[in-house]
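Presented sequentially are two complexes of subunit A, the first with subunit B as partner and the second with subunit C.
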Partner chain A sequence: MKAETVARGGAEQNNWKRRIGVIILPALAVLTAPLFLNVPTSASQNVQLKPIEQLGARLFFDTNLSKNRTQSCATCHNPEYAFTDPRESAAGRAVSMGDEAGAMGDRNTPTLMYSHMTPPLTKHENGKITGGLFWDGRADNLQEQAKGPMLNPLEMNMPDGASVAERIRENADYAVLFKQLFGDDVFSDPEKVFDAAAQALAAYQSTAEFSPFDSKYDRVLRGEEKFTSLEDFGRQVFLTWNCQLCHRPIRSGGDLSTELFTSFEYHNIGLPVNPKARELSGKGSDYVDTGLNSGTHVADPAQAGKFKVATLRNVAVTGPYMHNGVFDKLRTSIEFYNKYTSLQPAAQINPETGKPWGDAEVPENLSTFQLKTGLALSDYRIKALEAFLRTLTDKRYEHLMPEMGQ
Partner chain B sequence: MTHNSTTSETLKKYRNALLGGVASLVLIGAAGVANAQQGPSGAEVPKQLGAQATSELEDTPVILSAPAPDARRLYITDPAHFATTTRTFTVDGNDGKVLGMIDGGFLTNPFAATDGSYFGQASTVYSRVARGKRDDYIEVYDPKSHEVIADIDIPESRFLVGTYPWMTTVTPDNKSLLFYQFTPSPQVGLVDIENKKFVSMIDVPDCYHIFPSANDAFFMHCRDGSMAKVTYGKDGKAEITQSKPFHGEEEYLINTPAYSMKAGQLVWPTYDGKIFPVDLSSGEAKFGTPFDVFTEEERKDNWRVGGWQPVAYHRDSGEVYLLGDQRAKWTHKYPSRFVFVHDVKTGKRLRKIDLGHDIDSIAVSQDKNPALYALSTGEKKLYILDSQSGKEVSSTDELGHGPQVMIAHDN
Partner chain C sequence: RTSRPAHAASGGREGWIPQDQDTKQCDYWRHCSIDGNICDCCGGSLTNCPPGTRLSPSSWVASCYNPGDKQSYLIAYRDCCGKNVCGRCGCLNTEGELPVYRPEFANDIIWCFGAEDDAMTYHCTISPIVGKAS
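Up next is the complex of A and B:
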C-alpha cells in the first residue's frame, strides 16, 4: 500500500506542476513581480493569485508536509475531484488513507469547495450552534483547520508544528517567500512558520478557484441556461420539502446567487455506523462518534450525534456520502430521509445493502421535527431531487457526474 | 314539510308567542333553517309563515322529517373558510328550501348514496376544538330524519384540503366508501358502509382523486398525466395499472372535475377551458377527443375557467356546463358570471348562460329538464336556474359562512 501511495504521490507532484507550474518562479521574480499574476488553475478559468495564495497553493500540493513525504493536502483533497479523495481503500472511498501505512480516518473527506465561506463556530442565544470546519466544527476557520491534518497521526502524521517548520525550511524557495510575506524573522520561531503556512493554505483555499459559482444552478439563475422539467421539479421539491429546513443558508439573507445549500447548523439525522470504515479506523466496535460533542469544543451532551449540515454544492461528484461515507450513491442518501416519513416497508431498507438502514449510531438528539414532519418522497420526487442536486455541480466537475441513480 | 295539528290548551300561549314575533324560532328549531325575514324590531310576523301558521297554530313541537330524496335533492357544504366546525345543508333543489342541516368538523367531505338511501360526510374533530387529539370518522345520515345511522372510526389520515368532492366517494353499489390520504404518501382508505367498519388503507402511486368505476375498482389521476386503475379486494389488497399520460405537463387540470358514476363519464377541464372527457364505463380509461370550450377569439379576449366547482355534467343529455368569465391568468379560483354549455361528444357549444351573479360552484340535477344550481360563496346564496333558458327560478341565501360544494343526487 505504501508503494502505491508513493506512486500516487509522484503522479500528484506532476499534476501539481502542471496545474500551478506557471507560478513556480525564481525567487527574485516573485520578489519583484506585481502582486497579481494570471495563473491557470483550472481548465475553465484563469484565477489571479496573490503571492500568499500562490504560496498556499504550493504548500497544498507539497507531500513534504507529511511525515513519510507520501501525501499532501491535495492527496485527499484532490482538485480534480472537487477537492475530495478519489483513492480506493479497503473501505472504498468512505474514508481516507493516511501517510503511515495502514492509517485510516474514521470520517469521509469533505470537499473544500466553498469551505472558506463557512462562518466560525458560533453558539447562538437560542442554543443553536452553527459554523466551524470539520464535520464536528472544531476549527473556527481554514487557518486553524489547516493545521489539523498535518499533525493528525492518521493523516499527514507530522509530530508537531516545529517539524512542519523544519520541512518548510528545507525548501529554499519557501524560505524566500516566507520572509517576503511574513517578515524576515519568521523563521525565528517554528510556531510562526507553522502559523504562516496555515495562513497561506487558508488564503489559497479562499481563492475564487474554490467558489466559482458556475454550476448549472448558477447559470440558470443568471438566465444563461434553463432547468429541465425534472430539475425544476426537483428544485420545487427541495424548496418545499424538509430539505430546505437545513440545507438553506441563514447567511445569505435570501441571496440565491451565493446559496451554499447549508444552514451550517448541526443535526443528528440518525445515521448508522459505516461498519467497514469503522473497522479499518481501528477505533474499535465500542467507539461512538458523537460529532459536535466528540471534541472539547462543545461539551454539551445534547449536541451528541450532531454533524454539520454539508454544502450540497458538488454533491453529485463527492460521494460517498454522509460524515462516514456510509452511502455510495447520491440517490441512497436522498432515500435515507424517507426512513422517517414513509409508511412503506421498503423505506426501511438500504437499497445498497438490501438490509435495514441500521440503528442510529447516536439515537439521542435526533432532529425529529425536520426529519419526521411531513411527507414521504415518491420515487419520482427522489429522482427529481437527484436531478436538481446534480445541477449544483461546478462546471469543471460536470464530467465526473455518474449516471442518475448511480 | 307539514306542520302538525294543534291542541286547545296551548293555543293561546302560542298565539301570544307568535304575536311576540318569536314563533319563527320554534320553526327554525324544528325544521332547520327557515327563511326567516324578520324586520329589525323582531315584531313582524315572518311572512313565509303565511295564513296557515297564523290560523292553525302548532301546539306540540315535533322534530320534522324531510321528504325522501328525489332528483332535485341537493347537499350544500359550507367549509366556512377553514373553520373547525362546518355545516352541510340539505336543500330542496326545486325551490331552494332548506330541509335540514348537519354539523361537521374540519373540512368535511360530503357524499351521497346514488340511490338516495343515505348521505354523509368524512369529518375531523379535535378534542379542544382546533387542537388536542385529532379524530377522523365517517358519519352516515338518514336523508329524511337527518339522524346518524352510522359513525365509523377511521385512521387519523384524511387529506385536509379545501373540499374537493372526488376526494371522498361512495362506490356504485353504495356499500363502500373511499377516501384519500395525502400524507405521508398517497393512500386510499376503504370503508365498509354496509357493515359500518373501516377496512384498510390502499397504497397508491402519486395520484389524486377517486372515481369509482365498479364496486371493486376506481380510477385516479396521476402526477405524470396518466390515469391509474386500482382494483381492490374486500380486504383492501389492490392491483394497480396506469394508462399512458393523456395530457401535457403544461395543461393544468382543475381540482374539481365532474364525474357521473352511473355513466362512467369524467369531464375534466383545464384552466384554459380545454375539456378532457374520459370514459371509464368499460372498466378501462378511454380518452375522448378533448375540446376547447372557448373559441380562439374568446381566448384572446381572456375568457377562462374560474370558480371552485366550475364544471357539471348532465348524464342523459351529455351536456357539459362550465363556469367561465373574462379574467387574468392565475385568477382561476375567482367566481364567474357565465356558464358555457357544450356537448361532451361533439364539443359543440349549445348555449351560453348569463348567470347575473358571481358564481363559484355549479351543479345540475340529473332529471329530464335539469335545474342548474349556481352557488355564490361571497353572497352565501344558491341560485336555481332553468338549465335551458338560464332563467332564474329561485334562490336561497344565508347558507353559512362560505358555501362552496354541491352534491346533487344522481338518481
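Up next is the complex of A and C:
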C-alpha cells in the first residue's frame, strides 16, 4: 500500500510539474529563470505568486523534507483534493500514513483551504478559547503550524529543525533563493533556515489559491446564480437550527462576503473513538484524545474533549469527517446531531455501522446548550442541509462531490 | 404567541418602511419580522439578552432590507427566555412571515426550545444578522 502510494504521489508531482509552465512563465520574466523551474502550483488558479510564495510552493511539494524522502506536505494535503489526503490506509481515509513505514496519525488531515484566515489562539475573559491551527489549536499561525508535521515522528519525521535546514542546503536552487529572500547569512543558523522555510510555506498557503471564495454559495450571494429550493431551504435550516451557533457564518465584525462557517471556537460534541484509526495509531486502547487540553498550550480540564469548529467550506469533498474521521459520509455527520434532540430510537444508531453511535470519548464538557436545542432534524431537513453544505464547495472541487447521501 | 402581547406597532406586509437610526423602534430595519419585545429596551441589546435571561439556541429567520446600504440581510431572531415578558417596546412585524408549518419563518412560535434550564417563558427578542440575503 505504501509503495503504491508513494508511486502515485510521484506521478502526481510530475503532473504538477507538467502544468507549471502556464503559471510560472510570467514569473520567469522577472525572476532568475533556473530557480523557478519545477515550481508546482495549482493549474486551476491562474495566480501569480510572489517569490516567497513560490518558494513556499516548492517546499510544499518537496519530499526531501521528510526523513525517508517519501512525502511532502502535498502528500497529505493534496491540492487536487482540497488539500486533504486521498490515500487509503487500513483505516480508510480517516487518518494519514507517515513517512516511516507503519506510522499513522490519530486525527484526520484537515483541509488547508481558508486556514490562513484562522485567527491566533486567544483566551477570552469569559473563558472561551478561539482560533489557532490544528484540531486542538496548538499553533498560533501557519508559520508555527508548518513546522509541526516536518518534525512529527508520525508524519514527515525529521529529527529537528537543523536536519530540515540540512536538506534545504542540499538543494543549490534553494540556497540561492533563501539568501535572496532571507539574507546572505541565513545559513549561519539552522534554526533561521527552518524558520524561513516555515515562513515561505505559510506565505504559499496564504495565497488566493487557498481562499478563492468561488463556491456556488459565493456565486449566489454575488447574484451570479440561484440556489435550488432545497439548497435555499437548507440554508434557512442552517441559520435557524443550532448549526449556526458554532458554524456561525458571520464572525463578529466580519466581512459577509468571506464567511468561513466557523466561529473558531472549541466544542466537545461527544464523538466516539474511531476504533480502527485508534488501533492503527498505536496509541493503545487506554489513550484518550482530550483535544484542546491535550497539549501544553492549554492546560485546563474544563477544555478536555473540545476540538476546533472546522470550516464547512469544501466539507462535501473532504470526508471522512470529524477530528478522527469517524464518519465517512456528510449525511451521517449531520444525522449525528439528532442523537441529542430526537426521541426516535433510530436517531441513536450510526447508519454507517448499524450500531449505536458509541459513548463519547470524553463525556465531560459537552456543549449541551448548542447540541440540545429540543428540535430534531427531519429527514427532509437533513437532505436540505446536505444540499446547502454542498454549495460551499469551491468551483475547482465541485467535480469531486459524491452523490447526495453518499 | 400566547404569552406575549401582540402589538401591531408598524403594520404588516403593507407599508413596511424600515429605518436604520433607532434600534429601539419597531420600524428599525432588523425588526422586520420580530414578534414580541425588543431586548434593546429590556436591558439587553440588539444582539444580546438582558442579564438573568437565557438565550435560546433556536430561531426563526427573515430577510430584512437595510435602507442604509440598500442590501437585504438574513436576521435570525432569537428569544431571550426564563423571565416574564419584558413589556417594553412591544412589536409585531411580519415581513416574509410564513405559517407554522414553515417554522423557519414563523414568528408566532415561542422560540425558547433548548434554552438553559428549559426556560420556556418568553422575555424579549434579539435581531442578529446571520448572513446576506440571496
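Just so we're on the same page, the second predicted complex is superposed on the first by the 367 of 406 C-alpha atoms of A that agree within 3 Å, B and C clash if a C-alpha of one lies under 4 Å from a C-alpha of the other, contacts with A are read in each partner's own complex, and residues count from 1 in each chain.
Everything below uses one rule, namely that a residue touches a chain if its C-beta (ideal position, glycine included) is under 8 Å from a C-beta of that chain, and two chains touch if they have at least 3 such contacts.
Since we're looking at a predicted model, the values are computed, not measured.
Legend: residue contacts after superposition of the two complexes on their common chain; A:375 is shown touching both subunit B and subunit C. In the superposition on chain A, contact is made by A:256 with subunit C only, not with subunit B.
When the shared chain is aligned, no partner comes close enough to touch A:287: not subunit B, not subunit C. Measured by the number of subunit A residues touched, the leading partner among subunit B and subunit C is C. In the superposed model, A:343 makes contact with subunit B only, not with subunit C.
By the touch criterion defined above, A:229 lies against subunit B but remains apart from subunit C after alignment on the C-alpha atoms of chain A.
Comparing the two interfaces of subunit A, the one with subunit B and the one with subunit C have residues 374-375 in common. By the touch criterion given at the top, residues 220-221, 226-227, 232-233, 235-237, 239-242, 244-245, 248-250, 256-257, 259, 369-370, 372-375 of subunit A touch subunit C in their complex. Subunit C contributes residues 57-61, 73-74, 76, 103-105, 113-114, 116, 129-132, 134 to its touches with subunit A in the complex. Partner subunit B is touched in their complex by these residues of subunit A: 229, 341-344, 374-376, 378, 380-381. Considering their complex, residues 182-187, 203, 205-206, 223-224, 249 of subunit B touch subunit A.
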